[in-house]
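Chains here go by letter, A, B, C and D, matching the order in which they are written, and residues are numbered from 1 within each.
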Amino acid sequence: MQTITQKLVENTITKRATQTHKGSFGKILIVGGNDQFGGAAILNSSAAVYAGCGLVTTATHPSNFTSLHARLPETMVIDFTDDQAIKTMLNKVNGVVIGSGLGEDSSSLKILKFVFQNVQSDQYLVIDGSAIDLIASHNLDLPDAHIIFTPHEMEWQRLSGIPIKEQTETNNRAAQQKLNAIVVLKKHHTEIYTNQETYQLLIGGPEMATGGMGDTLAGMVGAFVTQFTDNEINAIMSAVYIHSFIADQLGKTQYVTLPHQLIKKIPQTMLKFSQKAE
Amino acid sequence: MQTITQKLVENTITKRATQTHKGSFGKILIVGGNDQFGGAAILNSSAAVYAGCGLVTTATHPSNFTSLHARLPETMVIDFTDDQAIKTMLNKVNGVVIGSGLGEDSSSLKILKFVFQNVQSDQYLVIDGSAIDLIASHNLDLPDAHIIFTPHEMEWQRLSGIPIKEQTETNNRAAQQKLNAIVVLKKHHTEIYTNQETYQLLIGGPEMATGGMGDTLAGMVGAFVTQFTDNEINAIMSAVYIHSFIADQLGKTQYVTLPHQLIKKIPQTMLKFSQKAE
Amino acid sequence: MQTITQKLVENTITKRATQTHKGSFGKILIVGGNDQFGGAAILNSSAAVYAGCGLVTTATHPSNFTSLHARLPETMVIDFTDDQAIKTMLNKVNGVVIGSGLGEDSSSLKILKFVFQNVQSDQYLVIDGSAIDLIASHNLDLPDAHIIFTPHEMEWQRLSGIPIKEQTETNNRAAQQKLNAIVVLKKHHTEIYTNQETYQLLIGGPEMATGGMGDTLAGMVGAFVTQFTDNEINAIMSAVYIHSFIADQLGKTQYVTLPHQLIKKIPQTMLKFSQKAE
Amino acid sequence: MQTITQKLVENTITKRATQTHKGSFGKILIVGGNDQFGGAAILNSSAAVYAGCGLVTTATHPSNFTSLHARLPETMVIDFTDDQAIKTMLNKVNGVVIGSGLGEDSSSLKILKFVFQNVQSDQYLVIDGSAIDLIASHNLDLPDAHIIFTPHEMEWQRLSGIPIKEQTETNNRAAQQKLNAIVVLKKHHTEIYTNQETYQLLIGGPEMATGGMGDTLAGMVGAFVTQFTDNEINAIMSAVYIHSFIADQLGKTQYVTLPHQLIKKIPQTMLKFSQKAE
């Protein structure tokens, strides 16, 4: 496995060109957050906005609209059961993040299937949380798109069929090849499986072990792949690295670091890395 | 084109007189934010309040009342489909900001038309976002008022008929003259077209390229024209200048600057400029 | 007129005794905030909590419950049309703040009358905003209680019948005597009329001229009279003084000071004054 | 009585092991907050998340979902009258906090009884606020679980039958033995009664005498007993100690300390104590 280095991140988070506008830095559709897990969509969306995505639309349960806007007026909202609205957005965005807090009932499944049917082959598709479990439990076929899975170990077990104890690099790689998608396996020392290579994160600590950290990462991955489009894999690794880097920084003064605290530090951290590029 | 200078801003943001009250510093009605784009109304309204407007009332979709108040208890709310309430407010205010996140369906159009019919000739009327598109797509006549358009390049293309690539000073000026309104054309180096002159902003950077920045500017313009009534054009230029000035300051420590962060810096920035006046 | 001095405030905001609990520092019922002016109830309630009131219950339009709790989980809420709930609370509190954003329709009037019928003679009753106008327009009789009015000049004109230009000390005093209540007349150099004496505030500036400042003061007055019960008039003067003192402090770095910013500085400011007592 | 020492806290809040995940640090179900007292559930839940609990689910009145998520996206929500959802969660958590703002009507009672019937014997069960009063007024039998009561003096009077003036160590101990549960008696110098010993807190001051402080403590106790499982009593004492320790720190600059301010300081404070362990 290759280690994800700070230098790689510095070379990925490049200085923005001046002749740009909000459309230059990615447009993403977040799909997640049912009436029980709305916080996941809030964290997804917040992470995406703070990570520099130019335009973020959040398709979620309507009961989450108000709390989302109370925290983040920078996002637009649509009802995640409104097929027409979803379809319209899928014609405008270059990336989708689906699954955080989506739930696993028939309504969740219907939404997931609809997105799978309408996502476009040149779009990035980050699949997280409930969506991973739904794929596993319903044996869903994957759509043609740039797919990135972000499972934790238990979700990976369900998706790949590999029990946690047998999740070795060799076994994981075989499963990743079969999926033909990038896999970000979240764990102590997160691993990223791509078609070419396996990468490993050596930073991050137990101060991150709290609910919502994964939702935050999924939003960051979505923002980075749609914004730093030169190299998808480097963009993903940079999201993974910065996520843990900030947590470690916060961990110097906090016993536990909350996802919403981490999110607020993304803009400063990205600037620092962008200024160190070779 | 003339450059907007810091000195102009310093001479516009004057020290407040002591014998004043909240009615002395402008009363505005914000009209915007449908059930999908409520964040736009939140940013509009917040920008207006932080920019010193004495009294701000927000006419928006009722689904936005709670998120707005959760962020900004200083505003009053009315249902943007409540004609009577809108009419009552139009008899009390000296300025209106309409269009940010208003949407473009028949309900949005009806609201826009109603405001156009009832706005008064001595009122400032800032027209932003969806309202610009509605005027363009429905060939609406403009009401008699102090009109200020705040389009980005694509909205300006729709309103003026000038394709983005042909948006030269000469072409823009011709279109502005026909509209007989002030046009704030938002772009890299924003341009302001008035009946007399064209002005250009030379500050601001790509850290601003994120959703909601335009809504923020519209609110600031509304607050400034109703507050610094000596010179409407200087008030507009000052809003445009301070908007980008703050973003550039934040950009020294952040890769991207969020609209709500920018808004919170308005009061400090205004004070600094007010203290430098000749 | 006597000037309100800092020394008076220092001697009023005394160090808390150790053998105390939340019931020792006042229990108040806020009644205000209809579906349009919910922000007023939020500012009232927040000011009261930050000013040290032990227990605050907010009776408001139910549409304000969520925004209030999103900003201030320390308050309890009841529907302001729920007579039984209001009555129950009136048996528990030692003070009431009524009128900020209450509105002036028949429902508002009904609520006001109900509180007037059920308030108890030993309770403090702060009457603000819409409640003042309702009393004036409906010639309501005042209940037997420790009444404190907090009008701005226009509200005082309506209540007293004295046009703003004729609001001299002599005229105001005559009107105050007739009302037999304390009157806090909010203006540049706020004046406090009591049965014995007139007091004047010489601090505060135009940075305070923004919507919601009065709601904030009403909440502070409610918290102070129910908390510093040794001397009602000194408590009122201390609230008035600290309100403007904080605004002036914030005004050193801000062109305009928002009510919610002022509110957050109350605990620190109270401590400073409490430590300077003779 | 034994005094709770800082050293005990330092030895309880241990450095986290690196090979851990969010499931390693406790999963709790909060049950509280009716439509009037939603703030209590917000404070409960926030305290639990900031105190490091890995996963927090809040069962509350649905009218509180939005305000809760607006403040704390890290929590999951369920309707506290949804028996099936409660039951599902009770099969996943290792601790329950019930009663803060739960109310005392028949619906509240039904919820309490349902939790008592379904809580498991190896789970921690923190009983606070309304739940204590319901047990007292309805003579409810206690379930088989690790029960911790957190009454203030008046609630303890109702539960134990001992009038406040007669709440001596001897009398309290007798009542605690009968209950066969740990009792955290909140007062000036809070006392903790266990089957073996009585402990006393000598820190904390009158700056804490404000509504919501008890809800905050209940959430912290829940997070600590489910996270520091080596020694339940030490975990409880550490929560009680840190709660007052932070208030005292804030009290150096504030006249009154609000619960939500205290909550935000928990992660830093826990880190400091964890670094001082022997």
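One rule holds in what follows: a contact is a pair of C-beta atoms (placed from the backbone, for glycine too) under 8 Å apart; a residue touches a chain by one contact, two chains touch by 3 or more.
Please read these numbers as outputs of a predicted model, since none were measured by experiment.
Judged by shared residue numbers over all numbers used at their interface, chain C and chain D contact each other through mostly different positions, with under half in common.
Between chain A and chain B the CA-based rotation angle works out to 90°, given as a multiple of 5. Distance between chain A and chain D, defined via averaged C-alpha coordinates, is recorded as 34 Å. Residue positions 66-67, 70 of chain B each touch two or more of the other chains. Remark: chain B residues 35-40, 42-43, 46, 63-64, 66-67, 70-71, 152-153, 187-188, 205-207, 209-213, 253-260 touch chain A in the complex. Those residues of chain D that touch chain A in the complex are listed here as 13, 16-22, 24-25, 49-56, 65-70, 72-78, 85, 266-268, 270-271, 274.
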